[in-house]
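Here come two complexes built around subunit A, the first alongside subunit B, the second alongside subunit C.
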Partner chain A sequence: MVDEKQLRDAVKKTISRDDVKYVVGYEKGTSGFLVSPTFAFTPGDADKFIFSPLCVNNLAVYPMLEDKPPLRKGEEPDTRKIGLVVKGCDSRAIVQIIQEKGLKREDVVIIGIPCTGVIDPKKIKEKFPGQMKNVDVKEENEKFVITIDGKIHKISKDELLAEKCKHCEYPAPVLYDILIGKEIKSTKKEDYKEIEPLEKKSLEDKWDYWEKQFERCIRCYACRDACPLCYCKECMVDLLDPQWIRRSVNLSENTAWNLLRAFHLAGRCIGCGECERVCPMDLPLMKLNKKIEKDIKEMYDYTSGIDAEEKPLLAMFKPDDPEEFIL
Partner chain B sequence: MKEKFEPNIIGFLCNWCSYAGADLAGTSRIQYPPNLKAIRVMCSGRVNPIFVINALQQGADGVLIGGCHPGDCHYERGNYLARRRMAVLKKLLEYTGIDPRRVRMTWVSASEGKKFAEVVKEVTEDIRELGPMQHFRRENKW
Partner chain C sequence: MDKYVLPKDNLSKFVSEMIGKYKVFAPVNDNNVTLFKQIKNPKEINLEFTNSKVPPKNLLFCQTETLFKFTPGTKGKIHPVDFDNGGRTVFGIRPCDAKSLAILDRVFKGDFEDPYYLTKRKNTILVGLSCTQPCLNCFCTSFNDSPASPEFVDILLTDIGDKYFVEVNSDKGKQLVKTMNKLFKSATEADGKKKKEVEKKAKDIITRFQKIDGITEKLDKIFENPFWETVANKCLGCGTCTYLCPTCHCFDIQDETTMTDGGRVRIWDTCMISEYTLQASGYNPRPARMNRVRNRVYHKYNYYPKNFEVIACVGCGRCIDSCPVNIDIIDVVTRAGEVKP
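Let's look at the complex of A and B:
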């Protein structure tokens, strides 16, 4: 359980600094089981900050979303920092962006929260359908406590926990300036159990499975927009010359898009699961990401988003990399 | 009468080694299948996986990427980087049900005309066996 008073104090302290532009965090949502991202521009705004097991969103997207219009003559660039409230997985996204030199370490102030697991919004919606009023969720003794209209529901953690949290190896932030509460260690281990059955299938069966999935894709690019690591100024699908992937929504273009999206995150995806969460068609995108994560762990013994000093996976090499596939 | 399937293979050959190797195979009059359509790139590290997927979309049944032997790259590290990229891409393709034998990579130096011919022969035979690429071919080719 995160001490919200401590969190608000930390936010207040951060936003009071002269060199901080704003702080991004979570606030109470307006309906159902929602929690929405919020910005604090003044110390007074800090009072609305919360942290509950409903905070699934990865706020590491925000520093990369900021518009930087060309400066007018004589105008000085705004070099103030951005404050961020991060969980374990979000902090890995920040580390990965810093590693790729998308951000500088001194550009961000990281308020780290040791996270004991968040709720999958899809699962809780299924459990309590039609919930319109905003609900508070707390965590007590390995159980989620949900209070709806005065009635208290205690539900075991396994039932509602998001998939990404079930195998989370880094619940505590990897990189932070201020830590709320105590640091925690994970006892879980990523064993890639979910993708194993699919891996073992024959090529035809695998294609049958993925064909059905890719056919459903409507190419809204929500997966790209929600991903903290998809921050290219111009995405390859938006290019018109050369137009690698055409605009039409059909199996061919959808497959190309989904494969290339997954490939562009090779060695960078930190497994926050945002792509799958925002997908309106419920495509199992994390199955693609996890597969690549597993492969690079096996082949190159590399885990993304741990060490900001390391070089990105596909920008470095070792002379003895595996090459049994080469003729 | 059913026509015999002739595979369509795109070869991305590096300017300094594989392309010169292909050239040598030609000047030494070594026979190899005419199914390979060579595209010269300056380095195997130039080959973006988007090229490979796009080739498969546009009608190629297979893709061959040729680079210099490790350590011989004209740009010192291009082929090492390409090796990592293609290793990941091949695993991803296999996972989605596309035979990884459709995407091949090879090291051919400028003096290995014979090896080049053999590689092309092997790849062509493999892909002839696999049949046409039908997974995600683009339907409108205009």
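Let's look at the complex of A and C:
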């Protein structure tokens, strides 16, 4: 369990610094099991901060979303830091962005939370439908303890755990300034079992599977916008001259978008699962990302977002890299 | 208004007969996502749904619509597209989504008549289905609407147990029932009473309420208020809320060409992305997420009522259900009403 008092104190301390602009964390959402990203601009704002197994969002996206309007004459850029509350996976996104020089280490103050797994919002909504009042959720002895109208439900973790957490090897933040609680180690191993059935399909069946998925895509780009690693200043789908992907929403263009995005995240995706969580059409996008992650691990023994000093996969060369694909 | 009952055993026959005469669109389960799609068989229909993920506006105002085709180059030519003049029915449309079409009509019948939307609209019969189990974020009652209102459909079916209570609200609806009158029986007073009970029960399920009294005038006074920054801070800038909104109707028009042919297409656009207002000069009048989030609220609760005397929200709750960061339009508008100007 995360000590919320300790968290709020850390947020207060961080936002009280002159060199910090704001701190991003979680607060209770507007109904039931929802939590919402929240911003502290003053020490008083820290009182609404929470952390529970419902805090699924990856807040590492926010420094990359900062609006940077052109400066007026004589105006200095605001170089103050952004404080972030992060779980293990979220911290890996920050590390990856730092590796890629999207952020400098000193741009962020990281409040790390050793995470023992979060709840899949879809699963809990299905299990307890129609919850309007905010619900308190805790974790105790490998069970999620959910209190609804005074009644306590103890549900095994496996039943509600987000898919990304089932094989998480980095539950504790890999980079932080302040740690809330104690370091924890993972006992889990990513075995990529989830994608095995799909890997075994024939090429034709694979296409068939993905066509049925991509057909539904409405190109709202929530996958891109929720992804902390999708931070290109100009995304290829927004470009008009040349236009890489047509605006028409059909299977061909949708496929181009989803595959290009997956490839663009090769060696960069840290597996936070936000793209899949936010997809309104329930596209199983993590299956694409996990397959690429697996291939990269097997070929290059590389895991993204672990060490801020390391170079990104596609920016480094080792003499013993496999070269079978080079003719 | 003519009132009938349709025994549940006759439902599939009713749909089959419609399929024989019209293109029928109905809610289907597509990989656990409920969507309105054309059906060829009544068995494809999924009636176990609260509402479809994508509103059925997409059947009339398509996400992608080819306006005309052309041959590019110096010897270029324009090839008009054929309008689909065939009859269509949308079976199972919810009263809120039906109202949204009445709201969209004001735009597409406005200064310019849009033949693409209006042809389909004219040829479409709306066979509505009352909500008996509204979802958590439904708030149609905030606009004095009802989850079982026949106002904006041609025919409304309401599940009253072993049969549907049928309200016929238009000439189109009358025609449809007339051609299949064997399937319908006249409704008794008890049936009407039962419908009222079902309607009341559904209304009682709706607990969320948006305070809209005087919101249009209030918004005039708080355009520059820092409140909008606090709402927009967490916005990711994706298009989910607008694409899933039954009343959002912005579109982009582009020419898509190859060497030999081309088409002018109209595609849904979203005011939540920066490119939406980006001008050719490079200037962007809505440069920040705050400007865009604010615009979504103002368009629905200020500009639209000023232009068309109706708020451009029907309370379907889709934008709340699907927002990745819990930007909740009920909460935002209610709080906007409380902001000190």
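Basically, the second predicted complex is superposed on the first by the 323 of 327 C-alpha atoms of A that agree within 3 Å, B and C clash if a C-alpha of one lies under 4 Å from a C-alpha of the other, contacts with A are read in each partner's own complex, and residues count from 1 in each chain.
Convention: a contact is a pair of C-beta atoms (placed from the backbone, for glycine too) under 8 Å apart; a residue touches a chain by one contact, two chains touch by 3 or more.
Since we're looking at a predicted model, the values are computed, not measured.
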*A:Asn250 contacts which: subunit B (first), subunit C (second), both, neither?*
both
*Does the superposition put A:Met299 against subunit B (first), subunit C (second), both, or neither?*
first
*For A:Leu288, is the partner it touches subunit B (first), subunit C (second), both, or none of the two (neither)?*
first
*Touch check for A:Gly150: first (subunit B), second (subunit C), both, or neither?*
neither
*Taking the superposition as given, does A:Asp208 touch the first partner, subunit B, the second, subunit C, both, or neither?*
first
*Which parts of subunit A are in contact with subunit B and also with subunit C?*
246, 248, 250
*Note which residues of subunit A are touching subunit C in the complex, please.*
29-32, 34-39, 57, 61-62, 65, 67, 69, 129-132, 212-213, 216, 218-222, 224-226, 238, 246-250, 274, 277-278, 280-282
*Residues of subunit C touching subunit A in their complex?*
30-33, 35, 53-54, 63-64, 135-137, 207-208, 230, 233-234, 236-240, 242-244, 252, 254, 256, 265, 267-268, 270, 273, 275, 287-290, 320, 322, 324-326, 328, 330-331
*What residues of subunit B sit close enough to touch subunit A in their complex?*
49-50, 53-54, 57, 70-71, 77, 80-81, 83-100, 104-107, 119, 122-123, 135-140
*Okay, in this complex, where on subunit A does subunit B touch?*
198-199, 203-211, 214, 236, 244, 246, 248, 250-253, 255-256, 259-260, 262-263, 266-267, 288, 291-292, 295-296, 299-300, 313-315, 317, 319, 321-323, 325-327
